[in-house]
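Chains here go by letter, A, B and C, matching the order in which they are written, and residues are numbered from 1 within each.
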Amino acid sequence: MSTPILSVRGLNAGYGDFQALFGIDLDLPEGGLLGLVGANGAGKSTLFKAILGLLPRGRDMVTFRGQPIGHLRTEAMLRLGIALVPEGRRLFRSLSVEENLKLAAESGRRGEWTVTRVFDLFPALREKRHAASTALSGGQQQMVAIGRALVSNPSVILFDEISLGLAPIIVNDVYAAMPAILGSGISAIVVEQDVERIRRMADRLVCLNEGRVVLSGPTGDFTKAQITHAYFGE
Amino acid sequence: MAYVDAITQGILLGGLYALFAAGLSLIFGVMRLVNIAHGDFIVLGAYIALVTVQTTGLHPFLSLIVVVPLMAGLGYAIQRWLLNRTLGPNLLPPILVTFGLAVVIENSLLMLFSTDNRRLAVGAIETASLSLGPISVGWLPVSTFLVAVALIAGLELLFYRTAMGRAFRATSDDSEIARAMGVNTRHVHSIAMAISFSVIAIAGVLLAARSNFDPFSGPARLIFGFEAVIIGGLGSLWGTLAGGIVLGVAQALGAQISPQMQFLAGHLVFFLILAVRPRGLFPRMD
Amino acid sequence: MSNTTLRVVLGLTVAALILATAPLWAGRADLRLIGEMMSYLALAVLWNLLAGYAGLMSVGQHAFVGLGGYVLVIGTVSMGLPPLATLPIAFVVAGLAAAAFALLLFRLVGAYFAIGTWVAAESVALVFAGVPAWGGGAGISLPADVVRSIAETREMREFVVYWLLCGLGIGTLSAAYTLIRSKPGLALMALRDNPTAAVSVGVNISRIRFWTYVMVAALTSVVGAIIFLQKLRVSPQAAFSLQDWTVAVIFIVVIGGIGRLEGAIVGTAVYFLLRETLSGYGVFYLIVLGVVAILVVSFSGRGIWGLVERHLGWSLLPTGRRMSA
């Protein structure tokens, strides 16, 4: 197997005295889509925060293209090529739609993804480009959040809870953009509560329970029952 | 007639107060930080200008080419290496550190310069005045007011029309996500403080040109700036100008009643606004 | 009564006894210094409750010290009251003033509250400076007959004031200790350790903050009245001194250990040690204190007592509760 684009080895992380992750191992192959599942509080968002350096982690616990990056600051991650679509969207409230995208475009890398191309991918955003980000529907906000990751031209995007709080039909719209995103050579880790959907999309699956990896491997290796089992930690 | 004159003077004084307020408002907007030593840094700026003028013979206004970069650098350094490490969910540490700075600055200035009143002599403009119909206004207050308007317009542009302004607002909204979006928030905070200190430097020189100052002149400047911020409305830079004017007029009218009433009138207007319009006259921040 | 409580009660009683007998073994100047230390201990304990526990960063407590001083003088001079009778009045007047201020100042977001308290203090000072009957800007002295009503001889007067100050220091400390161990105290501790969690377990933050602010102000005013019973004279400058009643107190608590009762004791000791040692160098001690306070906040956060607690596990006044976030 060629070197994974992003690897996590023996990652421990937490908040102050509270340890939330215990020895996490995880590999994201180049061009792959890794589904990350687990119940609330299993440590999925914490794992993303630790990868990005929003929580302290050791130098060698995270490697990117084979190089240790655990000692780098969060703000260096985007330029390195790791972008985040955060849980709950977390758009910048006092920035317009276009400003949200511009901010990421300016601090990220140059490449094929531009603000214009994001508007092509999500035409609904073009007409609202000058609107306050708070004035958008949930689905449109999610599109801005995804666009904000794309315009930095990342190699890896960490998607946290794409469909949380969105109507099913909107979720389909949002996921409809996935092929275009992956087609441009981006690798992704996707946190998704809808296990059926993630099984259809992901090449590999990792399931967390109480801060530990309880299941990990190619998606085809597991039945739905096995995943559900691991998910609930039974 | 005395009242018309007082109101005019008050409006112009409001320009100076807006300068005190703008720097305070800017850093609160970017990082929710309240600099208790704000007024003391204004006075420090005035002393640096004084020393610059004495050693180089520059005109006080030209001394700004020394004072502004010096103060901006100081602001950057203080934020980057001192205040950033205290920012967090707990509000107390940054207040306590700037409170400590205030006391250190005041007493250091006292040891260096004694309690003597100082003033920057700016030449003919000090006494020159122009007549607006029946009232005459000094050139210095008018120029101060115009400088305030220009600076606030400049800060507005910076905040709402530039990439740096976007970074300021993004950091203010959600600093964690801003970092994930590649924004170096520690640098952004420090740049904001450097800009605040540049405004402080200009305010310091203009203050020193129009009135006497001593090492303990700072706290009152902090309070006037703060009152202008609250009266004008949080997060609104133009609001600080409005707040400054309301405060200046209140003080000028109070002074017509009795000398003690000058500052008390300003405080009363501040409390009145808190009672009836706690978000200020032109709030922007939610 | 539990074992630890017994130890604390014993400790405080012994300290009170030693202090009470000081007129027998200490000189006049020493007595004055110990008295002053006791008044600062009381102010520090009170400010610590306010800022360290309730999270109310007031830099305007000099408003209430001064108010107490003025109530003492106005009560005795204009209303003919005996000095001690003015203490409850100072308590009530400052409590009411604080309640009025709280209604307005609690509307200020976050750190702006701090400067708001300062404006309040400036306003109170300006009001007192503006009334000629109360001495205006020059101030007013306690008349001789009022002074004599404390005690006949000067020596006895000094003893009485000294005992009052000691009672105040030890009393405030004991009261704060009792408070922290009571049910409202539990809420205060929760508020100190984690305001967000405190809300979720049902602590009514605004109510507890309001009452802490009002009670601390009322007691600060009583301390102020007794301080000026020693000084025998008030002026707006001295009564509402930011330097004496707010700056010094904040440094004491910050250096000693904010949010720890022992912090006030340690801080008071450090403050007086520095002030007396550096007394030959003017205001230099304030610069030193400022620098130390800045370093403490930036590097340790919990002051000298926080370090002692962390590294040695000591506790002078064990509250029997440890809540970690």
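What we mean here is this: a contact is a pair of C-beta atoms (placed from the backbone, for glycine too) under 8 Å apart; a residue touches a chain by one contact, two chains touch by 3 or more.
Everything numeric in this text was worked out from a predicted model, so none of it was measured.
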item	value
Maximum centroid distance from subunit C, chain identifier (CA atoms)	A
Pair joined by more contacting C-beta pairs (A-B or B-C)	B-C
Where subunit A and subunit C are represented by their mean Cα positions, the distance between them in whole Å	53
Distance between the centres, which are taken as Cα means, of subunit B and subunit A, whole angstrom	43
Centroid distance [mean C-alpha coordinates] between subunit C and subunit B, Å	32
Interface residues, subunit B side, partner subunit A - complex	163, 166-167, 169-170, 172-174, 176-185
Subunit C to subunit B touching residues, read off their complex	51, 55, 57, 59, 104-105, 107-112, 114-116, 118-119, 122-123, 126-127, 129-130, 242, 247, 250-251, 254, 258, 282-284, 286-287, 289-291, 293-294, 297-298, 301
Subunit B-facing residues of subunit A, complex	52, 54, 73-79, 83-84, 86, 90, 92-95, 99, 102-104, 106-108, 148, 152
Complex contact set, residues of subunit B against subunit C	28, 32-34, 36, 82, 85-86, 91-97, 99-101, 103-104, 107-108, 110-111, 219, 222-223, 226-227, 229-230, 234, 258, 260-261, 263-264, 267-268, 270-271, 274-275, 278
